[in-house]
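Before anything else, here is the set of structures, which you'll find just below.
Consider the two complexes below, in which chain A is the common component and chain B and chain C are the respective partners.
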Partner chain A sequence: MESDDDFMSVASSGDDFLDTQASDDESLGEDFGDDFDGGFSKDKDIVATSRKPYEVEFKVLSPDDIDRDQNQQINEVSSILSLPPESSAILLRYGRWNREKLIEGYMDHPEETLEEAGLGTNFEGTPKTEVIPGFVCDICCEDGDNLETYAMRCGHRFCVDCYRHYLAQKIRGEGEAARIECPGDGCNMIVDSKSLSLLVTPALKDRYYTLLQRTYVDDKENLKWCPAPNCEYAVDCSVKQRDLRRIVPTVQCNCKHHFCFGCTLNDHQPAPCQLVKMWLKKCEDDSETANWISANTKECPRCHSTIEKNGGCNHMTCRKCKHEFCWMCMGLWSEHGTSWYNCNRYEEKSGSEARTAQAKSRASLERYLHYYNRYANHEQSAKLDKDLYLKTEKKMTSLQSQSGLSWIEVQFLDTASQALQQCRQTLKWTYAFAYYLARNNLTEIFEDNQKDLELAVENLSEMFEKPVPELANLKVDILDKTAYCNKRRVILLSDTAENLKNGEWSFNVEW
Partner chain B sequence: MKEHLPPGISIAKSENLEEWQMDIRVLDENPLYQNQVYRLKFTFSSKYPIEPPEVQFIELPSTSETPRPIPIHPHIYSNGIICLDLLSSAGWSPVQTVESVCMSIQSMLTANTRDERPPGDSDFVSYNRRRPRDINFFYDDDNV
Partner chain C sequence: MGSKRIAKELAELTESPPEGITVELANESDIYQWKVYMDGPEGSPYHNGRFLVKLSLPTEYPFKPPSVSFGTKIYHPNVTNDDKGSMCLGMLRADEWKPSSKIAAVLEFARQLLVEPMPDDAVEGRIAEQYKNDRARYDEIAREWTRKYAMA
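Up next, the complex of A and B:
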């Protein structure tokens, strides 16, 4: 985390020289009514007490917040560089919203920066379409007398129809927004929002602004869209890509979706992003196939190709390496003499060596399957729990009528169901995590925590299968078990997160 | 258009507005392309010229009256597909014409000194079933 502090101090020295921008982050923080401001490392030591080790600081931004955030930055840069807002917006998008670098670059070489960003040196004035006598459009070769034409500051003039088609194609067809260039050949002038507004239909303009807003979030490292379907919020979190070895930044969007800020997959605490990626890849290749292989095949003792014997005698010739061996004892075929269809050579040396090697590779497969089965089981159980959750709603209604409990009083079932989902999600990933852990004292503690959580979860899960009339009497019990599950989850996650942050885990893979 | 085409470029087929064929040859002494004529096929979509046309070399067998081989070039695959920024939607400008594209390709050949196909040519040619416009070329070398 030292490097983070270094980064902050560099940034703040930039603030000294342009003090207007220093106010930005703070005022934003106030706007959102949060008691922390942007810096992740800065206030970590102060606020850390209220945060669990596995939690990260983040805030959720609505589309309006994003808009405002964006405009504020544009206006600031605009006033610092005394450029019109449209030009500042283009500059910022060109510089991928790295304000400090952009301002510095502009101060040093204004002309070059403008040129590279696709802004000519002369960017004043309101754009308008014109009728030019004797004009021939270079695109459609039209030359009518009343032909409306348009040119940006680069002077490449085309008829308004062609311009419109071109912009429509770029926006609708190619999803471009921030970097649409002049239609002229080799011209890098970016079509600014004023010119665009003049030319396109309102519907297309909306699309354009949506795309623009997207590039803002996409360009900024501290912003990510919530990946939930139809969710239009973004999350602001200062965890950097390089921090992901030490931290699993799970965030929760206003739409209730929990996801990892690092990789935008569903919450996968306690496993770090990189391991999750490896695990998912492995499961994609293996899983069911691996099960079948384990049950039905053997490996060639020489090249370890997997072989299924689907008939024929015990004399095997490996298709790949041409090794000849006996299916029964895995020994060399040449040592078999004439006892072909009835292998009785179990004690021979060549066979036993082959079997040891094979046992080793089977053991590694079985180890994987051990973790995979538990991982998959929790995934499956979470789905079943979810079905139960849907039934709880019905149960809750029937509880209300049967036992005379009020709506508020039956909410405990909803709480319990949510806790169950979350704990299963965590448990699932503890198995993927454990698969990559090298055994030591820490893993024993980890496994104990895992076992405790698992026990708590199964106990709570069982409660849901009780008949509805009994549920009212079990309320206290369910509440207790829910609280216990949550507590075990916090303990497990805190422990793994602490060790991850301090680099205490040792892994059996490089990542 | 026919009358004032630049030297080395001529129309081979232009019966409709969906597909044109052009013959081009290299004008200088470049030994790689001496005494050869090459055939380019232009396919125009309904959005042309807002969208780029699809342009590729086509081969006519050496036994035919007008043999047309595929020119050797580090950016031209042996199935005639051309890796040229100008022909992608990012590099295209609606101001371009058939004539200007031909000239660009002509100069691309003229400037080349390397007697080779793009890396991975045989794999690309045997596995590619996509149309040129759907391929995301990686313009790795701007010098050729």
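Up next, the complex of A and C:
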């Protein structure tokens, strides 16, 4: 941690953004540094261990950690306000876990705060079910002599069966937990965890606590669930929404998934979240298809069918309506007289405006396609890398038996394959980033870095696909190239992150 | 679980119905489908009209809310102007409904809505606009529709 801080203060001298961050970090807990280093351990032997300009501090939390944090806050508030823990929990959820604001509000207006939170002011007694003679349940209208009933402090009493059914429907049916109200018409008292425990099955109780944990993480700005399927970890990171213009906060979960803390999409460094969103929308949109159509096709002047000219002369015959026209001037072919293959009417046409529009559309399309093709290529290659990764394991096993190398000695293939994936991911997003980048004196350096990384990646990729018997001899070479790829990636990301942080990039879009 | 409750509510509503409301089962063998006749309240453009309101109870009733729709065409910001005549009431949303809420309250609320539409919570935006900005014209059309569709 100390070396990190030193690095930070050197790297960011005079910058208030990272200073704020550093002070936030201290409140995150003492085992922060360990988890953080753990997340990047595979880079450790290749690059320096100190934090890079494009890295952010974060901490991975297990479900138990989340529970512990939750309970700690509940107990703190409980002892400060002298309220039972289950009531403090409701209060904290009502105040979206903003402890200071909540305590302040409570101190100023205790009764109103309790009322609004759905608590009521009476905290006497332990909850228990009762049999009350002559009772008729207002929900099911049953009135049996031995009817077990329950009421919270609001006094709205219902039979235990109905209460249970109601809670089960809220928890299972609606996925609600934090704000389940009393079943009484118009009563806003929140069902507390003690009452709930008394009434529902253990399975439902587990579900209730899972849902509570979910709202806890959702409510806190510094927590996000890892989006990987079936992963139950959350990540704690102090980067705020407003910081996302200047930082791309990639984090790595304990499950190995790299994702952006800002938008929870897969790691998209160096492109900022907002540009990523625009880019993905653009790629998804049919607008580009429309653009292509407008640049490459024309409509038949008679029946308006869309026609793509795929070679040949200017004498067009519409397949649909058999109309004969000139591709250049769109005029009737019969008026072209004898200059059959050269439309001399084009130049004299007054439609220069239409022609400029077509040229403009074509230029913007070509620019987009330039970046898109490279983006898509790396995406495709990254997918192939995934297959490659599966093959790697087989390769490693056969390499062990063929060359007599130990398991540890063949790990270089795994390292290389991971480096490939990560670098391609980065390269992919450099193209989306570049699409929105306006030229200035820094873009050339960026493009050089991009080119260098691309070259390094293609070199390694090629080497990696060599047949198994050759791989053992290439070990040193592959290790070298892997290290080089990682180094180029660090250089590219550091450069882009520094410039982003300092507002040095200019973009050709508003975001 | 809900049949005893439904029977009780039906009995209560039949014996002492709220003002301007009569209730019966659409089909004697099915306690989940109700036919409700609602008289247009005095002071509203629906006055003198008699509206058929269909009340449908889910099998999970009373843990899930009933749904209400107009069987008679009506010109109203909170009722869809189609053959479904759906009505959107806040209290009938699954997350607002309480199992102890009563059908009588739903019907009274619906009838009150005829006196006082809720244009900010409308399903027919155009009618809501008119209700807010050109009340006279709204009254006129609502009265006309009442005459046309709600008077036998």
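Keep in mind that, in the parts below, the second predicted complex is superposed on the first by the 404 of 511 C-alpha atoms of A that agree within 3 Å, B and C clash if a C-alpha of one lies under 4 Å from a C-alpha of the other, contacts with A are read in each partner's own complex, and residues count from 1 in each chain.
The rule is short, and it goes like this: a residue touches a chain if its C-beta (ideal position, glycine included) is under 8 Å from a C-beta of that chain, and two chains touch if they have at least 3 such contacts.
Just so you know, these numbers come straight off a predicted model, no measurement behind them.
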Mind checking the superposed model to see whether chain B and chain C fit together on chain A or clash?
clash
In the superposed arrangement, which partner chain does A:65 touch: chain B (first), chain C (second), both, or neither?
neither
Taking the superposition as given, does A:218 touch the first partner, chain B, the second, chain C, both, or neither?
neither
Output check: A:142 vs chain B and chain C. Expected answer is one of first, second, both, neither. What do you get?
second
Examine A:100 and indicate which partner it touches, taking first as chain B and second as chain C; both and neither are also allowed.
neither
Between chain B and chain C, more residues of chain A are touched by C
Overlap of the chain B and chain C footprints on chain A, listed as residue numbers:
138-140, 156, 158, 162, 165-166, 169, 174, 183-187
Residue ranges of chain A in contact with chain C within the complex
138-142, 156, 158, 161-162, 165-166, 169, 174, 176, 181, 183-187
The answer for chain A against chain B in the complex is residues 138-140, 156, 158, 162, 165-166, 169, 173-174, 183-187
Spell out the residues on chain C that touch chain A in their complex, using ranges where they run on.
1-2, 4-5, 8, 60, 62-64, 94-95, 98-102, 105
Quick check: in the complex, which residue numbers of chain B touch chain A?
47, 49-51, 89, 93-96, 100
